[in-house]
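Read through the structures below before going on.
Across the two complexes that follow, subunit A remains constant while its partner is subunit B and subsequently subunit C.
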Partner chain A sequence: MWSYILRRVLQALVFIFLISVLIFSMIHIVPGDPVLTILGDEGASQEKIQALRTALKLDRPLPVQFFDWIGAVVRGDLGESLISGRSITPDILTRLPRTFELIFLAIILSLLVGIPLGILAAVRRNHALDWLISLSAMLGLSTPVFVTGTLLTLLFSLRLQWFPSTGYVSFQEDPLAHLQRLILPSISLATTTSAIVMRMMRSSVLEVISLDYIRTSRAKGLNQAVTLYKHVLRNAVIPVVAIIGVQVSTLIGGTVLIEYIFNWPGLSSMLIKAISQRDYPTVQGVVLFISSLVIFINLLVDLSYGMLDPRVRYT
Partner chain B sequence: MKLLKNPRISLSLIIIVASLVTGIFAPLIAPYDPLKQDFISNLGSPSQEHLLGTDEFGRDVLSRLIFGARVSLRVAFVSVALAMILGTFLGLTGGYLGGWWELIAMRGSDVLLSLPPILLAMAAVAFLGSSLLNLTLIIGVLYTPRFARVVHAAVVREKNQDYIESQRALGAGIPRILLQGILPNILAPIMVQASLSLGFAILLEAGLSFLGLGAPPPHPSWGNMISTARGYMRQAPYLVISPSITIALIVLAFNTLGDGLRDSLDPRLK
Partner chain C sequence: MLKRSLFILLSFIVSLSLAQDPKMGGILTWGLSTDPPNLDPHVSSGASAATVKMSVYNGLVRYDKDGQIVPDLATDWQISEDGLTYTFNLRDGVMFHDGTPLSSADVKFSLERIINPDTGAYLASAFGVIESIDTPDDLTVVLHLSEPHAALLPYLARQEAEVVSKAFVEGGGDLNLEMMGTGPFMFVSREPDVSIKLEKNPNYYETGKPYLDGITFIPYADEQTRVTALEAGDIDLIEYVPWKDMEAIEQNPDLELHADEGAAFMTLIFNQERKPFDDPLVRKAFGYAIPRDAIIRVAFFDRGSPITGGLIPPNSPYHNDELDGTYSYDPEKALSILAEAGWTDSDGDGILDKDGETLSVSLLSTSTYGMHMQTAQVVDQALREIGVDITLELEEWSVVVARQTESDFDFRVHGLGVLVEDPDFLAGYFMPDAFYAKISHMSDEMYGEPLTVGRTSTSEEERKAAYLEFEKAFLDQAPWVHLTWRTQGEATQSYVKGYSHLPGPLWGHSAYTLKETWLDK
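For the complex of A and B:
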């Protein structure tokens, strides 16, 4: 088992390294001179061009640039923003909890909605209820998060005025206002994942129900509900938990659009702002940070899968 | 055509073909020029002349939706075709040849698959600039691993089957074995993947356009229509609703088609 863990950790590190190479090389595949692209078309002075080139360290040989950058990254220094001149890492760390908050609530919501609906659909397989639930799940999968977010704002903020439409208030400042602003973005973010959880739960329950030991337990006359709770659900929920781990990547992708719509000052909105300002070091820093985070979470999920399901063997 | 008897498949195909036809013949179908501005009738509610109303510049929303289909569907189809060709190539050669080539192709795919596509797409657009061509290439590359993985798994399963052995014994070369022996037998999972990827590609393109990283204005795409309409949600909520429903409906059709194909073509994947 230890060798399995070691191998997975190594693999994750290799992934992160490859991604950092990819992200590093992005600035070098910019068509034309990246410095001129950043400064825009208006004739920038020669000193300005030179200063930026030095700031971006583009005046040194490629390998030196790469190892300087990666060396700093390993020490936790992702460089400085071209716009504000401030260090990128602290900014990321302030914003990280805000993005996590959205994702965490979205996961809770998806489980709360997806698991019961999935069970219901499986138990009523091929009845009208199953059909209705499955269709809604399909719709949830097919509607882009930014559409859900926009429509929810339209309905609940503008029409019914239950929630403020955008903005952020920190929890310390005003807990109630904070939660009010957290709800719509989390629900929007949760639509896709709830649909995925529901579909997974449905097929998982159906699979477990058809297994021999369930038939035995039915045959010996155990109550349907008892069978469902004691035997089916416990086993059926394992793949669902696993899929939540995989969904973290989707959720993080979703926050890109959700934070934009709801003006939520998380990691993703930092990225969008950096892109619109051509703040390349920030773009690189945030993308590398988020990628490493996703890979790290996937690693944790893989490793914990074995704890949930003793049948999983580490090979 | 037994597949067409499946209502899920036939219904979603009807929606897809209808939207394709609409996109291709947009200039003939659209009632107005999608770029023609008319400030007297801006933000007009749906009416007899403008079935879905007019936007902030008085442009006809229905015509913009119809022309928007061109952008969204073209990007989706071309990028998925690209991904399918590249991914199938990587999966076939990687799975059959093995060795370091397989390692590079499949690990590379794993790296790309482990990250949210929109994140990579945004980063790539940030550096390469946004144009329809770039968008198509980027989405194509991002979806290549999905095909590579599916094809790879299928090739590994098929390559030691008797019919391939016999082809090999008859002295067939590798390209012949791959293209005439293996490929026809693994088309089902490729088609399923293509259908699902088309839905995802439309979502991704719409998301990027929504963020202002897609088709440059004034050209209508469904994503940027929603994005601008959000600014007028108080006065003209219908502007947001029609492109939203359009995107959801098309993606729903592709997802349903993919699901239907998977259930009928490959019962093992159920």
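For the complex of A and C:
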């Protein structure tokens, strides 16, 4: 078990290093210049540009810049934003919880909606209810998040005026206002995932139901609810857990659009802004942070199979 | 007699009851189009940032809601006969937000800070004519100029000329992160990309103002999100209303649009170092080949007007009416001018050529801003129709900026602004040492001279003649081809009262009226 974990962690570190090389090269290959973003599109003389480039240490060879950066990262320092001059790590740490509360709430919503509907569809297989649930799942799957987000805003903010359309109020400042603004973006984010959870749950339940031991438990007279709860669900839920692990990275991707539409000041909106400004250290810092997180979550998901299914053993 | 007095009395009562008294209190939420990159009042960082800064600071003079220059920290001023000495008398009893009194030393410190090149101040070159500053007493400031500067007062009325506290800056206060001025509102807090909060200054020098308890600025990077937030009632006011939404906002009884034109224009900038744009005939021909009405329709939803003559805005007393109509949409004329320059379709392939070479040009624009892209698309289509082999390069904004700085383009679409309420704004673009003159390689000295006369002359007649000469030469040589004026506007909830959109080029200073703004709810 421990050697397995160690191996996986080492593997993850190699991945993270490769990602850092990739992201560093990619953002530097893209044309554009942070120096010009800072100086504005007017009145930037060549001398001014050169002076600022030297001051920001952007005039050194790229490999030197890379090892300088990665060296600081290993010491836990992501550097400073070229544009605002603020330290990047605290900015990431302020914004991370905002993005994660969106994702967390979206996952909870997906499970709350997806699991019961999946079971219902499986139990009522090929009945009208199953068709209806599967149809809405198809709809949820095929609607892009920005369409869902825009439609929800139109209906609940502009028409019904139940929720504010945009914005962010911190929880400490006003808990109710905070939650009100959290709901629409989370629901938009959750639509695709709940459809995936529902479909996975449905097929998983159908598969387990057809297994011999279920037939046996029915044969010995256990009622359907007990069979479902005690024997079917526990086994059927494993693939759903796996899919949630995979979905976290999809959800992080989804927040890029959702944070934009709902003006949510999270990690993704920070990344988008940094990319358009060619704020190299910020882009590198945020992407490295997010990808390390995704790798770490996948690791946790792998390890959690063992807890849910005693047959899984690590060798 | 009695009847008349009664009538006067009655109309007086009626007018009293019609004019609403402002309601005190409440927080106004303002949807910014971008999060201010810095808070330093002297460093330009766009109209959004300026809006925030001008609520906290004051200048010597400022604009009122009709666009007139009026006293602010200076109660009055005298300009010497030769235009070389400006004497300002400061208002007595003005306090900075930290409780210290304003004195002439703060004004001197601020102006010197602007002139110092290390500050990177926006008005550094405009104030370059200030040779020395005297402070004979605490409430008098005297500026000595090296040569007359006709537009000095309009520049002093700009947001970027505001007065900061000498003691605050020298005591280590960071103007980039904190704001500390004498203005109607005081800085409370800032969370990047989330909000900037201001509260009422109870000691503001205009007794009884401001009416609001405070202002919260919230940045909205996406224009659609900004409009939705206003429509949903989340916020009270938005700036940079997208043109496509203006009509809907006008028709919405809960909202009000505050907009006008004469501040911003679309233009074609030619790189005159590259062929075929080294030939003025080709540039002029392009001026006739583009349907400006189509640009206004496609890019600005009919919110704009064509520029067919000079660039001095129509509402300016310096606007030259006789030049209007110099350029019109006339593809036949464009073709004949091109033929004069030697470009004809000699091989019948539909593309113009000369000495075996086709008329191939590449138009640089951006996909980041819709108005730039749509303008470029109309230009592309129109030139294609007269037989120009044109390539449309739609790059991301930061790429466009980088390529422009390197002069790496044939010609480009740009949207620029009239930066000061005076024809001297032309100098900012077209003086031989100006950035835009350089990148388009407008080396021609014929523009520098009239612009210098326009700036330094104290005679209005002489200035008018100089600007007419400049505009005539410009239209004749067509180093740039101007396309359209566009409307610029804000939108508010209808309960927002007392807010005014300043006319023409001053729109970016509309936040001067926030101290008179109140919420009728």
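Rule of thumb we're sticking to: the second predicted complex is superposed on the first by the 288 of 315 C-alpha atoms of A that agree within 3 Å, B and C clash if a C-alpha of one lies under 4 Å from a C-alpha of the other, contacts with A are read in each partner's own complex, and residues count from 1 in each chain.
Methods note: a contact is a pair of C-beta atoms (placed from the backbone, for glycine too) under 8 Å apart; a residue touches a chain by one contact, two chains touch by 3 or more.
This one's a predicted model, so the numbers in the text were calculated from it and none came from an experiment.
> Looking at A:K273 after the superposition, I want to know if it touches subunit B, subunit C, both of them or none. Which is it: first, second, both, neither?
Touch partner of A:K273: subunit C, not subunit B.
> Of the two partner chains, subunit B (first) and subunit C (second), which one does A:D91 touch, if any: first, second, both, or neither?
It touches subunit C, and subunit B stays clear.
> Who does A:I107 touch here: subunit B (first), subunit C (second), both, or neither?
Neither partner.
> Report for A:V205: first if it touches subunit B alone, second if subunit C alone, otherwise both or neither.
A:V205: touches no partner chain.
> Looking at the overlay, does A:I295 come into contact with subunit B only (first), subunit C only (second), both, or neither?
First partner only.
> So, does A:Y260 touch the first partner subunit B, the second partner subunit C, both, or neither?
After superposing on A, A:Y260 lies in contact with both subunit B and subunit C.
> Once the shared chain is lined up, is A:L158 touching subunit B (first), subunit C (second), both, or neither of them?
both
> According to the stated criteria, A:L182 is in contact with first (subunit B), second (subunit C), both, or neither; which is it?
Neither partner.
> Which partner, subunit B or subunit C, touches the larger number of subunit A residues?
For subunit A, the partner with the higher number of touched residues is B.
> Please indicate which partner A:L18 is in contact with in the superposed arrangement: first for subunit B, second for subunit C, both, or neither.
A:L18 contacts subunit B only, not subunit C.
> Taking the stated contact definition, name every residue in subunit A that is touched by subunit B in one complex and by subunit C in the other, in rising order.
31, 153, 158, 260-261, 276, 278
> Across the complex, what residues on subunit C touch subunit A?
Its residues touching subunit A are 37-38, 44-45, 176, 191-194, 218-222, 225, 228-229, 231-235, 368, 395-399, 401-402, 404-405, 434-436.
> Quick one: in the complex, what on subunit B touches subunit A?
107-108, 110-111, 114-120, 122-129, 199, 203, 206-207, 210-213, 223, 226, 230, 233-234, 237, 240-241, 244, 247-249, 251-252, 254-256, 259, 270
> Give every residue of subunit A touching subunit B within the complex, in rising order.
Checking each residue of subunit A against subunit B gives 14-15, 18-19, 22-23, 26-27, 29-31, 138-139, 141-147, 150-151, 153-154, 158, 203, 249-250, 252-253, 256-257, 260-261, 271-272, 274-276, 278, 280, 283, 287, 290-291, 294-295, 298.
> Can you tell me which positions in subunit A touch subunit C when the two form their complex?
The contact residues of subunit A facing subunit C are 31-33, 36-37, 40-45, 49, 83-86, 91, 153, 157-158, 161, 164-168, 260-263, 265, 269-270, 273, 276-278.
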